Amino acid sequence: MNWKMREVVLTVALSLACGVLYLGWSTLWLPISALVGPVGAEIMFGIWVLASPLIAFIIRKPGAALIAEVSAAAVEVFTGSHFGLSSLLIGFCQGLGAELAFFLFRYKKYSLSTLMLSGAFAAIGSMVYSLLANGFGYFTPGVLGATFALRIISGAILGGLLAKLIAESLAKTGTLQQYELMRQRREQQGDTYGSTSGM
Amino acid sequence: MVNTSVRLAQINPAVKLTAHLMVMLFLMMIADPATSALLWVLSIVIGILFGGWNIQYIIKRIVPYFAFFLLVFWMLAAFGKGEHIVGEFAWFRITEEGIYNGLTIAFRMLGFVTYGLLFTSTTDTTQLVMSMIHQYRLSPKWGYGLLAGLRFIPLFQSELSQMKAAHKIRGFHAQGKLKSFARYTLPLFTQGIRKAERVAIAMEARGFDGAKPRTYYHVPTIRRIDWMYCAFLFMAVLSLTALSFSFGWLHWTWNGSSA
Amino acid sequence: MAQHLACNDVSVRFYGTSSLTLRNVSISVQPGEKVLLLGPSGCGKSTLLSVLSGIIPGTIEAEVTGSIIRPASVGVMFQDPDAQFCMLTVGDEIAFSLENRAIPQHEMDARIDTAMKQAGLFVPKDTLIETLSGGMKQRLALACLLALEADVLFLDEPTAQLDPQGRHDIFSLLKSIAASNMTMIFVEHVLDGLIDWMDRVILLDATGSIIGEGTPQDVLRQYAKEIEAAGIWRPRLFPYTMDKVSADPSHPLQIAWRDSLEQSKKRAQAPKQKRLDICNVRDLTISYGKTNVLEHISFDITEGEWTAIVGENGAGKSTLLKALAGLEKGRQGNIYIQNRPIRKWPTAKLYEQVGFVFQNPELQFVTDRVYDEVAFGGRIRKFDESKLSEKTHRLLQEFSLDAHRDAHPFTLSQGQKRRLSVATMLLFEQKLLLLDEPTFGQDEATSTQLLARLMQRKEQGTAIVMVTHDMDIVDRYADRVLWISDGAIRFDGAPYRLFSSEESIPGLTRPLSYEWERRVRNGQHKCPIGTN
């Protein structure tokens, strides 16, 4: 699949914008998780998987979801954050999960349910990392199960649903005219010029 | 932020990245506090030997993470599984196993932080990307695209703070509804999209297409010193692990844990 | 002879729009020719430039008909200094041009040095791009293009985001490069310092068709009416010269200068009316880290007063403006809004008194519809919906946005966005309106329209404070000018007194009328001495 330069830079730029949002979110998360424990704080988890469904929905190419989440994580590396390398690993696990959802539908279906599935799979990906690295396996089964469930729900809603809402409001601003999301919409509406592009 | 004069900064970024990620993966396989602590201490020693760290630097950059250490420790001690109860109050239930596992994970997290800091504080961004292109065959399209995007990070940060000020004046609050949060992020993303488009146009207008043969201004290579650093790092990790084994401290993740 | 650069019967339509952006355009450019494309906002002049340079349809997709001939190697300079680079340091950025041409690595350093010298960029090669000023960034952009050794340079409003000094520098630099036999195609808003060395000007109308072309003098004279009606910035002096205008007392420009000087003088001498204070600043010091951005600043702002804050980049103008809106905290001193310390105002109440228009209006839009945007403040304060709707309609009419009431704010033109952001700040009849470079990057028609609205508001008693680099606007509209330099107020008084003072005013460009006045005055001084 051939990426245009425009799509490459857009993917990177939007991922990094998400990464900047994540940085802000992290400062909120720490104090909350200390108080209510890992379980309660999981409600907030979904924001961290926003990049994948959002960018995959706009670009609609294989690999977009994975690259998006890894790039977003790279913000922490390049801003010199101490969590740099670990967030790169988490980003990879989440991105892989998010990508799987689109792969299952052969990169043909970009509906709300696919996006929410992508958010949920990203949550599972991060859970795998948490089990391996953060010692989540040492939690009591009750705590672990609740964590897992909440994280998936949060991933589907704050990741998938929110991504859809953001993409739709972006579409209304007219800034996405040149990208696959809008091209496919134009095609559906019968503006055939879109499909003869790339002269 | 990046100190380029120290020895660790001379190491090929791609090699350094791989080596540090491998040590971090190794840390994930360790399930006892003693070995984890030893491997964490190793990262500090490397910082002092090759990273130009001194006591002030460590106090400033590492010590704040002790709060994080306590947090991670507390989470597992109070919410972790275990039979031997030490104390119980409110919804917290502290066990011996929880304390043991909590210490392991807390030291592991500290290790992640310091190995990460060792990398980020001694690696030049451009050199890292160039070395990804040359050593790991990252396509120039993605390499240069990534560098182009990185220039936006400070821009995004200042835009976010301006947006907060503007929303304060308007009386707009993003709390509560999902939809209003989506609206809140809109200026950030539209600016990002426009900037991305302009940069991509500018890059192509300067003859970049990612496919044509090109030359490079920076060509990082892998030299002897890179292999020597890897050898030193891995030998040190293995020796410390062996030491811990000889004292009977060592536990692997797959062997389960015991207190 | 084979054509150098040309397009024949070219039309362009963008996807998602129904009308053509460019229709049946044919032009042909000779080697070494300098051409300026002129036309109202949105007439497609940038599109034409992109078609000629190959960006459309190469990078930007659009439906293009007709034929285009262009040399193998072209370079394009863009307006946004923050969005045309992909590397982190100056040297690497220029090297990127060389890498794309597959220049051998060992030749690069020498070529980078040459390009930097040509572009007047005297900084170390490892300088971080983000630390450069806008003007320096544009020099870097030029150095990158010179490293391409292109046959044609396209310049798409290269100075649109620079202050007058930066613009002046870039134009003189480009002029010095133009002496070489390089073909240059320009799109520009502000023409002073540029139009006089163009070989040809091509004028487009609002529908994207060419309506005239010729030498700059001819086009400016022949199409004066069209240019004025289209709201294109006209040069302040060209096609005349200072000598010529000075020598001829009946010259329309000299008459206009004399008039405007008379006006400014009269306003400066008018007795000050006793008015209520809206805002008092007392001994204000603001610092970032250890450096003081502003030191011991004091002044008052009264009802119905128009204040302009001027000064060089980094002098602290925007910081002061933000402080007046309570967005920057002083380290020392106080700001009072209607005699009450700004810190003691509840947020919602404060912003019913003070409006702030950001340089980038998009940052302050919070809804998806123009109408809702204006009504927003009233809705969250639970105003009566029928009264609110009446007020919103009045504001939309006042700012000529009625036709766009259902549009998404982000889809408006630059001028409309700016007007909308001002309208949103007047819903509560705010007493103090703060604006950060409100005319920046806009054409003459939209600027004038906005300033006229502000003038109306001022006459109704609103105090207006704006940061600007445009001294003509200061002279024409402001009652008072605050010149900030090195964190202190260097001058506080009527614009006439600042501009007509004998002292030099570094970093500020005097309006032409004052330059003329100084000339006359100095001439009178010289004459008696000369005859002695």
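For clarity, chains are labelled A, B and C in written order, and residue numbers in each chain start from 1.
In this text, a contact is a pair of C-beta atoms (placed from the backbone, for glycine too) under 8 Å apart; a residue touches a chain by one contact, two chains touch by 3 or more.
Computed from a predicted structure; not experimentally measured.
Annotation: B-C is the more contact-rich of the chain pairs A-C and B-C, by number of C-beta pairs in contact. Comparing mean CA positions across the assembly, the chain most remote from subunit A is C. Inter-chain centre distance (subunit A to subunit B, centres taken as mean C-alpha positions): 19 Å.
Note on chain placement: the centre of subunit A and the centre of subunit C lie 38 Å apart, centres being C-alpha means.
Measuring from the averaged C-alpha position of subunit B to that of subunit C gives a distance of 42 Å. Across the assembly, subunit A contributes 4-6, 169, 173, 175, 178 as residues in contact with two or more other chains. Contact with two or more other chains is made by residues 125, 145, 148, 150, 183, 186, 190, 194-195, 199-201, 203-204, 208 of subunit B. Listed for subunit C are residues 59-60, 368, 410, each touching two or more other chains.
Across the complex, subunit C is touched by residues 4-6, 169, 172-175, 177-178, 182-183, 186, 191, 193-194, 196-199 of subunit A. Interface residues of subunit C, counted against subunit A in their complex, comprise 13-16, 57, 59-61, 63-64, 368, 408, 410-411. Residues of subunit C touching subunit B in their complex: 53, 55, 58-60, 73-76, 78, 80, 82-89, 91-92, 95-105, 108, 129-130, 144-145, 148, 322, 325, 327, 347-348, 351, 355-356, 358, 360, 362-368, 376-377, 380-381, 410, 424. Contacts from subunit B toward subunit C in the complex involve residues 125-126, 144-145, 147-148, 150-151, 154-155, 159, 162-163, 165-172, 183, 186-187, 190-191, 194-195, 198-208, 212-219. Residues 1-2, 17, 20-21, 24, 28, 61, 65, 68, 71-72, 74-76, 78-81, 91, 97-98, 101-102, 104-105, 108-109, 112-117, 119-121, 125, 141-142, 145-146, 148-150, 152-153, 156-157, 160, 178-179, 181-183, 185-186, 188-190, 192-197, 199-201, 203-204, 208-210, 253, 257 of subunit B touch subunit A in their complex.
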